[in-house]
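Chain IDs A, B and C follow the sequence of writing; residue 1 opens each chain.
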Amino acid sequence: MTDLIIAQVFNGLVLGMIYVLLAMGLSIVWGMMDIINFAHGLFFALGAYLAFTVTAWSGSFFVCLLVVPLATAVIGMLLEVSLLRRLYGQNILYQILMTYGIAIAGRELIVILYGPVGKSFDQPELLTGVIPIAGIFFPIYRVFVFALTSLLTLGMWFVIEKTRWGSIIRAGTENLKMVSCLGINITGVFTLTFGVATAIAGLSGVLAAPMRGIEPFMGDLILGICFATVVIGGMGSFTGAVAGGLIVGLSQSLVTLVMPSASVIIIFVVMASILLLRPRGLMGIRD
Amino acid sequence: MRSWGAEPLRILIGTTFSGPYAETGDYVRKGTQLAVEMFGGQVLGRPIEIVERDVPNPSEGVKKAQEAVEKLGVKFFFVSPSSPTVLAVSEYAAKQQVILIGAAGADEITGKSCNRFTFRWPVATWGAIREVVPRIIDVYKAKTFYTITPKYVFGEDLLRNTQEVLKAKGLTSLGNSDHPMGESDFSSHLTKAMAAKADCVLFLNFGGDTTNALKQANSFGLNKVSRIACVWGSGLTQMKAIGPKILDGVIWGLQYFYKIEAPGNKKFVDAYRKKFNETPNYLAANPFTNILVLLQSIERAKTDDPIKVVQAMEDFEYEGLTGPEKFRACDHQAVKPYYTLLCKAAEAMKTPDDFADIIDSSTNIQPCAETGCKMS
Amino acid sequence: MTAGEKTSMIGAWWCEYRPIVVLATFFMVFPFVLPYTALANEIMLFALAAVAFDLCLGYSGVMMFCQASFFGVAVYATALTLLHLTSNIFAAIAIGVISASAIAAVVGFMATQRSGSYSVLLTLAFGEMIYFIAFQWSSLTGGDNGLTGIKRPDLGILGLPSISLQSSLSYYYFSLVFFLFAFYLIRRITLSPFGKVLMAIRENEQRAQAIGYNTRLYKVAVFVIGGAFMGLAGSLYCMYICFAHIHYVHFEISGNIVMMVLTGGMGTLFGPIVGAFIIVLASDLASAIWDRWMIIMGVLYILFVLFARGGIWGFYEKLLSTWKGKNIEGSPSEKAAIHS
């Protein structure tokens, strides 16, 4: 039984780290730019599909890790400049409507380009196989994902805590008006921030593709979990995104031990509870 | 050659062109086209018109059925592949007295929800499980099983039948893990399966879920611990998506495989290959055989009155894809075998489609009295 | 009464009831314009749900993603009533509406605990939970198979011979009566003092509170009223399609209703009807023509946000005012759009 729990904890952590990546992007955009991005899931899907194309074209998975996030960043920034910029400060309704429209249009575009059926995406040859430790099998690929995402998270932490851009993000999440009063080019920061958020989202799609496959609705399905993660962890908080992601990932895999069909709804129950009892989430800065 | 001015005979093809079973639609279209072509393009001197509609959920199914009856005067439906959709349309079809041929596996379609106007070709879950599971027990000497089941009513049907068969043989299920619909991450379920260390892990899901599950099972190394078996599927398309590296050694239960040795099948496979340049799978075979039998029955009944066509279809033995088949009168279920296959390694494949060999097959059908079908 | 008084009385009556008369005339002719009658039922019942939601969003500024919970619960309640309790059509409708209102009261109470995006997310979470419960409780709801065997009752009023509602057309006219009555009620609400408070809450909730209104109570009330009418739509829908299924409590239904109100023009009551018409018709026709018609929907939403906040009805109102040469300081739909 302990074997099973250890294995599930590992699964939960790997899954959780993917959610952490997604939550980081969503949280920064929501906390600082006050934009509810219903198209965040789309970038997850785009990442996976672009990985499919880039791997087919270049023959290597590792190339994707570099190229795809750049591509999704560019797409994200283009969207921000052309469309999202007009929504700052406006009613959330319009943000929801527009980003939802982008999500639908993007998803349908994927179907037009790649077909309605999911694509299978194999793990890179180098990373196939399992590491048996004390009778428990740890897939090498998942260990790799865990290692890479942890490194990335540490990197992001460093950037947010120690760099100028990071301090602008932190300040902007707390008090946007003040930041622009200090003479900082908010427009540029916004675009860059959105680009970073979509880059990370794209990367999480690349990493998730060999684990869960690729299909056009994968963005829609993960969006709800993304929102729940940010709410649970606390909007605008980096540590909140990490905590939220890991909690959601672990909850899903551990609940599967007890009541497998409830593994998704438990997240919504937790989200609703947090919203009712402590809306700023575990580590959020403001309600 | 079209008859001038004759009102076309319309058949509604309700299938999925979008959503999780989107690939079905394309194959259904191909199978239907071939059937109409082989029949000569017309019946009772009237041109045959196929009306295609996307029915991704039961609600759409009923709506499109309404459109077909009210606007187009359609009297014959073929709906595939989801059981809930077939059940919903079946009720409507019976009310409107139009024929429905449903291509889905839930027992109750020809069981407690049966009616005089609904026919079903694929073997129901009852019969499918009673071929595959005993076969695994006999051939692979498996005594303990672990099941992974999708949380659909259909999945629960497969599970219930599996548990009945195991109990009858005095064997144990070491456990079951339900997964929610469209689960993309099977890691937790696979971990549980591997911890159970069963002789055989049965995947009671289908479509994209099975494809995902098998690939992830491979990455966890499940085949080092247990034999892997799938009890339902579309066959060739899934096998192509998964690949022989992962399929090697997997046991699969199928309604249809192109290698079936029957004169009806040989004709079909040859014609399909010629027309579409690929080997047919179950998704195309199902509409092919059903539309063909339907058209033949309409011709024999000499009318398109559904009540008379129903009588022509019941208990009529025809040369089908699996050999002689018929739709039995008590519940309109086709009497045909289910097949167990063993998948092979890449080196053993003689042609690009040679993913598996048929190990055995049998026809298992519930006695009329036990199906719960009360045909009015 | 002088002739002048009579004319002005008639004039007043006409002003008051003109919208209903126009609506009634349109909808009575409607089924004959469409390719098949069942489609008319579909459009009308979703129009009802959309108008109900407009009361929440367009007039009160209350956004939600749980419309399917109210609509779908009513579908189930009506189905279960007809299957197990009685075949009295009015009882079935009543039970459907009451169930939906009950759910709306609970969800509304909890969602109004917070405001803004948090409130919306709460409704999203509750919508998902209700879907999950409907899916799991398959012994009650039939799970993903749904409930079949529902018989559409005939109309039996005490003493009179029962009228058959089995044909699509007769059931359409039966539902139409409810639709027109519901529309009239909702419109009356928007024109009443209660409605004025709702609009005040939409414009500036804090100011409304400062004046002394218990805004939370009003918002919960709007949940319940909107939920009740969405439940009415669901109830009638159940008997139109004679089927109940988890699809009707799925987020997709909520999303569709939101889109109907937003594209049609919120805060207008007529806009959502246009929106329902467009969305139902588009999905029906378009799926036969091009599988991927939804991409056009996605692009349209983006364009609407950029250029036509008032939706289609707002556009029509603008045209009307320019044509009439009047200087209207802002059509109701745009007012609603800006201030919510």
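Just so it is clear, contacts are C-beta pairs under 8 Å (C-beta built on N, C-alpha and C of every residue); 3 or more make two chains touch, one makes a residue touch a chain.
Because the structure is predicted, anything quoted here is derived from the model rather than measured.
Shared contact partners of subunit A and subunit C are B. Between the interfaces A-B and B-C, more contacting C-beta pairs are found at A-B. Rounded to whole angstrom, the centroid-to-centroid distance between subunit A and subunit B, based on C-alpha atoms, equals 38 Å. Put simply, the C-alpha centre of subunit B and that of subunit C have 40 angstrom between them.
Touching two or more other chains at once are residues 17-18, 151 of subunit B. The residues of subunit A that reach two or more other chains are 111, 116, 261, 264, listed in rising order.
Residue positions of subunit C touching 2 or more other chains, listed in rising order: 291. On the side of subunit C, the complex with subunit B involves touching residues 35-39, 42, 135, 138, 142-146, 148-149, 168, 241-243, 245, 247-248, 284, 287-288, 291. Of all the residues in subunit C, the ones that touch subunit A in their complex are 57, 63, 110, 113-114, 116-118, 120-122, 124-126, 128-129, 132, 136, 255, 262, 291-292, 294-295, 297-302, 304-306, 309, 340.
Interface of subunit A with subunit C (complex): residues 36, 83, 86-87, 91-94, 96-98, 100-109, 111-112, 116, 224, 227-228, 231, 261-262, 264-265, 268-269, 271-272, 275-276, 279.
Listed in rising order, the residues of subunit B touching subunit C in the complex are 17-18, 53-54, 57-59, 62-63, 66-67, 70-71, 83-84, 87-88, 90-92, 95, 106, 108, 113, 151-154, 181. Note for the complex: subunit A touches subunit B at residues 3-4, 7-8, 11-12, 14-15, 111, 115-118, 120, 122-123, 128-130, 137, 139, 141-142, 210-213, 215, 217-218, 221, 252-253, 256-257, 260-261, 263-264.
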